[in-house]
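Scroll down for the structure; my scribbles are underneath it.
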Amino acid sequence: MLPERADHLVRDLVDVERGEISREIFVNERIHRLELENLFPRAWLFVGHASQVPRPGDFFSSWTGSDPVLLTRDDKGELHVLLNSCRHRGMRVCRYDEGNTMQFTCPYHAWSYSIDGSLVSTPGDLHGVPQLKAAYSGKLRKEQWGLVRAPKVVNYKGLVFANWDQDAPEFADYVGEFHWWLDNLADAFDGTEAGTEVFRGVQRWRIKSNWKFVSENFLGDTYHGASTHASVEAVGIGPGGQGKRRHGERRNEGGFAGGRRKTSFRLGHGASDNLGYELAYPEFAEPKMDEYFTAAWATRAEKLRAQGRPLGGRGPATLFPNMSFSAGFPRTILVAHPISATETEVWRWYLVDRSAPDFVRDWLRHYYLRYAGPGGMTEQDDMENWDYATQASRGVVARRYPYNYQQGLGEELPSDLDGAVHSHHAIAGEVNARAFYRRWAEFVDNLSWAELTKLAETDDRANREEAR
Amino acid sequence: MLPERADHLVRDLVDVERGEISREIFVNERIHRLELENLFPRAWLFVGHASQVPRPGDFFSSWTGSDPVLLTRDDKGELHVLLNSCRHRGMRVCRYDEGNTMQFTCPYHAWSYSIDGSLVSTPGDLHGVPQLKAAYSGKLRKEQWGLVRAPKVVNYKGLVFANWDQDAPEFADYVGEFHWWLDNLADAFDGTEAGTEVFRGVQRWRIKSNWKFVSENFLGDTYHGASTHASVEAVGIGPGGQGKRRHGERRNEGGFAGGRRKTSFRLGHGASDNLGYELAYPEFAEPKMDEYFTAAWATRAEKLRAQGRPLGGRGPATLFPNMSFSAGFPRTILVAHPISATETEVWRWYLVDRSAPDFVRDWLRHYYLRYAGPGGMTEQDDMENWDYATQASRGVVARRYPYNYQQGLGEELPSDLDGAVHSHHAIAGEVNARAFYRRWAEFVDNLSWAELTKLAETDDRANREEAR
Amino acid sequence: MLPERADHLVRDLVDVERGEISREIFVNERIHRLELENLFPRAWLFVGHASQVPRPGDFFSSWTGSDPVLLTRDDKGELHVLLNSCRHRGMRVCRYDEGNTMQFTCPYHAWSYSIDGSLVSTPGDLHGVPQLKAAYSGKLRKEQWGLVRAPKVVNYKGLVFANWDQDAPEFADYVGEFHWWLDNLADAFDGTEAGTEVFRGVQRWRIKSNWKFVSENFLGDTYHGASTHASVEAVGIGPGGQGKRRHGERRNEGGFAGGRRKTSFRLGHGASDNLGYELAYPEFAEPKMDEYFTAAWATRAEKLRAQGRPLGGRGPATLFPNMSFSAGFPRTILVAHPISATETEVWRWYLVDRSAPDFVRDWLRHYYLRYAGPGGMTEQDDMENWDYATQASRGVVARRYPYNYQQGLGEELPSDLDGAVHSHHAIAGEVNARAFYRRWAEFVDNLSWAELTKLAETDDRANREEAR
Amino acid sequence: MTVDEAVLERLALHHEVEDFLYREADLLDERRYEEWLTLLAEDYEYTVPLRLNVRYADVREREDTGAGEIAWFDEDKSTVDLRVKQLMTGRHWAEEPVSRVSHIVSNVRLESVTLPQVDVSCRFLVYRNRVADETDFLVGRRRDRLRKVADGWQVCRRQLLLDQSVLLAKNLSIFI
Amino acid sequence: MTVDEAVLERLALHHEVEDFLYREADLLDERRYEEWLTLLAEDYEYTVPLRLNVRYADVREREDTGAGEIAWFDEDKSTVDLRVKQLMTGRHWAEEPVSRVSHIVSNVRLESVTLPQVDVSCRFLVYRNRVADETDFLVGRRRDRLRKVADGWQVCRRQLLLDQSVLLAKNLSIFI
Amino acid sequence: MTVDEAVLERLALHHEVEDFLYREADLLDERRYEEWLTLLAEDYEYTVPLRLNVRYADVREREDTGAGEIAWFDEDKSTVDLRVKQLMTGRHWAEEPVSRVSHIVSNVRLESVTLPQVDVSCRFLVYRNRVADETDFLVGRRRDRLRKVADGWQVCRRQLLLDQSVLLAKNLSIFI
């Protein structure tokens, strides 16, 4: 069903000036292959949480774009991201989702790779080779045939990211001031630095949607809530119980629209709110919970005020290209793994304060599960839209008509944050999506790092603002 | 399994002079994409029957090539064919098969499209947009973002056709004198103009066949009956009961071969019979049925004779490219929706006289169901052939050997009908298929309308005849 | 998931000098299509065993690359390989796996093809055509429209091979001195020429692996056994029972490594052993079996010694490109039918001496079934490796890293056999695989027969040896 | 405490019915069609309506096609007889080669018992595989009206609700 | 020889339980959700753990997620009530149009009987088809704790072991 | 009217047999292989023939491979023992990680009863899922010969008719 016409630059398909984006980028398999080749191996991708591999030898199986990887912790406690494919004949050396081992032995011919730094110079290196002498007469350069390691890996407050490109900018430069949202995700509800961990168990499921629908939805599409989630708002599944919002905003703070603005980064990242939108924690029908979170909010407020840091920035948000998260209610990370132009594997991790008492853990876990994931009463309706938007865009006639991204076109508001602007409105406004797809096209067209960096240095959108 | 070699014109794959056609056009995915882009969006396609949407607001979900569409009736009773995909993010605005509504509201962000002419200038236009002012500061050109409407739609005696090309010729010119067969399909058994309606319920099913095998089979392949349907002839499922033909021809009229000729149009359409082949209605084992149809035939004969119009032309026939039908026994319309080069979704509608008494409706309906569709004792064996002909043509060696379309090559007989010729024989003769594929190639090679029209003006086949 | 980049010669992807082969050739669909077009229709392919079609009219349905074929025996007892696709509209004329008929009648329009030489000049020719006169006015050249016949077919001691290329070299030249392994496969355990037949029933199953992993595994990858088959060795399923090797080598002969060398042919064929490696038949826990095979070995030894012929050469081995076999324990033939770059249909035939008594037949059959095939305790673990090696090689990052084929690089040992060399070691050594892929690339790059023949004339590997 | 006779009778009846339905499935899957026909009453009615995609609110009224509308099947025994005859001609290409079929019958419940008549509901999963990789799953709910006769039971009415709207099989040339 | 009373009681109980489970499936597949809710006890607990790919040796300990860990479902009746309400809004897009669902319940075994409580194990195969070709198979083992009440039975605890690790369905918007 | 004793005995026997087959399935799906082995008689015979695509007329003679011909399985208990041992090595890669399997057993019928022996027929649907998206359906008919022993029942003969000709699974490393 997919005419292949990507003989032009994908940039030409993304017209941010007119606010129109071609449907091709959501359904064309050739463009999808360009994404896999030019975007994912150069972007910083979320692979897992450090709390999933607490002890030396612990490993967690994950994916980076189209490649299976292993997140491992070596004997010194260092984290590594290794390509889960043997260098001899490519066998996936580990087919388990998690476990503990200091050595990955390939079942095919038993090449073994060690993550013990006392046995190999670099964890992941080739260690054991059956019949080594006889087979290679000493000519095998073992150090050259270890499991491929991601050259860049960073553990940001427990959030582990990897990048396959040696020349990629450092994580800090890639993230920019969007880091504030990551901080709110990784810090505890009471503001304790890196005070979170993930519950055991990652939900993984397949949807028949282009992966970008997912990223776009969380980076600032607050416009879809009223319609997409009408049913769940009607029944009320939030902390406040029936009749209350599903995220549990306190009405007396002006609720959803109280001064809220979306934040869009030239680097492609986007958030549904702004740091200044200091939405307190929900009111809970359950007194014990209400107490706990009221206290947490107070503690956090005090801490952050002391640092002169605003209390907002809870998301939902998306770190370019495919890690989405919410630092609030629920508190969860999503990665949209691309499978084809029209299929995606979604992974969800759920976070909780390391210090949270059991009654809080349990309450949150129940809430998370009824809210998000394939069983989540909220997310189910999102996926229906993503799938049928993808499907109905595959037609030859449909492809002639671009999507409309004109909300708040030219109305961006300047931001105190570097390389960022804000939407002109709390609910409406598609500035985040426009920035996301502009950045997406720059990567997929395979611009050099020099070009990519230069383009992101100045945010022409902000300038245009001041010009006005 | 599909080598992609469509770097030549598809025309070169269709050699009507030698009566040889390459297997590539039945299995090659690249050629299939060219069909989707150059043929279907320019051809007149059957989308449904007016009797499926009798009241204002009624809608029926259908497809045109690779695009989902909605056949709707507006407040003034006008019919429209709308692309079933939201202009905002492409969501399929309606996922129901049928229903009644004056407004299609998209579930994703609630853009709503109205078919009420008192609310919008053109039915299908964008009507409601949440937060319109805030979101677009009055800049959204709503009239430009309505559901895409097929620029050309025609209701021909209840048969509704659409064409996505503004510049396409009028339906009458596209159909030419093939309209006589459409007339016999749409008029009642007693000749009453447009006296038919469809039973509720469209059969829809998937086959692993190229869609053209289906069209070709009905446009004149009377040659396959004896072999393909040997089993059903053996048991006898027709009006006459066991021992009688499945279509119920009356023996005393010379039966199947009595002066019958196939009719082939330069425009690509084809019929298994000719207008002069005045095959009376079947003899029914049931007296009441026999009476009814004897009377109907007499009435019709009288009417048509008065107009100097012959009584033949019942089909089976195919309107280029993918609407096939029979105006007789059974009385049914088939559309072969292309899914891939090797998969097709078949839809079947069944017709009956609006004035038919219940015993006639019931008898016909039972007969239709045991004859056609996936449960039909006749059609089952056709599909077996279409699927395995497609599958066995995918091989690299097989593709080197073209199909044989040499029956009656150069033996075409002239016709009184414009731009048409007849086969030289009732059962044998592949002139219809040759004309169909020639026209198919002209469309798929994307000839201009000027060229397409010019080519169809003179029927070289007839000329060649006279030359002889 | 498959970036298509085959715009270079596939030869460049196979670096036998460095012993590195690109992963692209195992996962790229475009390269796979080149294989289907340039390799399979020019190679000699195994289609079946003569004992499957003993009587005139017997047929067996098989495949050659992407084409379904029929192995048939005509009225004179001659064997033919016919394309199983009607010349009229391509219908697969026969959908049965086996049977007996002198005429294949197409169900679609009943063209019938006869294999009776008294009715048609060439078996497989078009014989019956309904309405022949009326349909074609005598113009149909029936002799040109018979079922397509493989121009070259050979019955080598019961093993039937076909080649679709009229200009292909004779089977003997294609096989070269590798024929000794085919002899050991086709001759009986006691050395009786062509003394084998196949059990009725061919196991057929689908795996998600590139077909070349299968061929490579059997042509000399003795290196995988210790690791891949660790579990089966642990439990012991061989003739000797528990604690004995699964092939039942006699320890007192130095076992697995006693002077054994692999044999690699410049023509691409490869064997896991050498003719001089005279491994006697296994010791059987069951006295009757032990007796039988001890006697058979003695008889065979005598026969062959008389001819000055060594007793080794039992395999496992692979005849380029996709017929693998073992002439020992088990005694079986495998064909890896390509379906896509990442899917293969595996077929297994099992052989036995025609003269074998029932207790031998039964014992062997039980052993074969617990050893090989999808239920085989040994083969199950091979397939796990083939599938996940294929899958883990599809990633964009993974594809940047070639497989390692450096075992015994430059250590090849000369051979007395024409155009062959030996590995320097019994278990280690990937010389066979290097030769296989070099030959594979020469075919897939579509070199002419002249070039292909010339390249195979001198084995540069051997020369390099002597140079040393 | 002892078990009530009525309960035991119910148990016995339920078992009889299950056994009958399973035996019927065996005859079909073993392709003993003529024996199977003897299990169908002379007044046998067989209907398989189409299923439409409708809104939750319209399910009751509009989901299934009804009397006088198009269905997958709507026939009496005479047509079933013809189908069996067709299969046995050896030229019913859709079933040459024959399909491999398993009728999985589960959730058997007696909905109402008014001897000699019993209304039974169940679920069916019909698995079909043919030639190489032709594979179909036909799944749904079934309602049978059985009638006790001299030598056992007969089916006098059968309605299937197939859980597909667009049929994902190329044909329905097997008895479901 | 005559059949022991205890055996007959067991038979009757088994039949009762099967009939109850089948009736429950009927209510679900006929979308009579409000009636279905009456079959769930007030203290109803519903859990569907995640299944992980682990080595043979770790199956007992690590294959399924457990208490305090992430699952597909882990909820009480109040949440099930909300789900039914959501379905009935007509705006729960994931079920507009509604799915066609069949609950195939098989291998029903009474694992332990301590009246009024009975622990029952079975296999489930839930087939779902929606719109044109959305098709899901959800298959696995189920353990139910049933409680005998005045007018029949109620489910007070249900645990499903779904035989998938990566869920191959886009959502779980139906009751499995 | 009261229920005949013979009928009740039949009911009890049928229930016993069903319960046994379901328990066996539980042991397999819970991977309690060593316990499962105790349910197989010492003279256990297991056969799964190949199915060929043949014409309607040849079904009886040629559809299934028979004695002395190739099959998917044709073995006795000693080989089954070896398979269990292999699984437990932790190095049987085809089952590392282990498959998630459900044995759905339905249509259970007693075909003949000559105590201590009972011939039982049923349908099986074995669902298997592994790693991420490896999914297989193995469906067909099964015939078991059970033997009553001191402490219950044992299987002494089992034949499966798999409804596939080309096996659409990469291996048969699970017990079906």
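Which chain is which? They are A, B, C, D, E and F, in the order written, and residues in each are numbered from 1.
Basically, a contact is a pair of C-beta atoms (placed from the backbone, for glycine too) under 8 Å apart; a residue touches a chain by one contact, two chains touch by 3 or more.
Please read all numbers here as calculations on a predicted model, not as lab measurements.
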| item | value |
| --- | --- |
| Contacts common to chain B and chain F (chain labels) | A, C, D, E |
| Between chain C and chain E, the fewest steps along chains that touch one another | 2 |
| Homomeric contact chain D-chain E: same or different residue positions, threshold half | different |
| Chain of greatest Cα-centre distance to chain E | C |
| Result of counting contacting C-beta pairs for B-D and A-F, higher pair | B-D |
| Geometric centre distance via CA averages, chain D-chain C, whole Å | 46 |
| Rounded Å distance, chain D centre to chain F centre (Cα mean) | 26 |
| Sequence positions of chain D contacting 2 or more other chains | 8, 11, 53-55, 91-93, 96-97, 104, 106, 125, 131-133, 137, 165-166, 168 |
| Multi-chain contact residues (two or more partners), chain A | 95-97, 107, 204, 206, 228, 381, 384-385 |
| Touching pairs - complete list by chain label | A-B, A-C, A-E, A-F, B-C, B-D, B-E, C-D, C-F, D-E, D-F, E-F |
| Contacting residues of chain F [partner chain E, same complex] | 5, 8-9, 11-12, 15, 19, 22-23, 25-26, 29, 31, 87-88, 90, 92, 95-98, 100-106, 125, 127-133, 135, 137 |
| Chain B residues within the chain E interface of the complex | 95-97, 107, 204, 206 |
| Complex interface listing, chain A residues touching chain E | 95-99, 199-208, 228, 230-232, 234-237, 345, 350, 358, 361-362, 365-366, 368-370, 373-375, 377, 379-381, 383-385, 387 |
| Contact footprint of chain F on chain E as seen in their complex | 1-3, 7-8, 10-11, 14, 51, 53-57, 59, 63, 104, 106-109, 121, 123, 125, 137, 139-141, 163-166, 168 |
| Footprint of chain A on chain F - complex, ascending | 91, 93, 96-97, 131-133 |
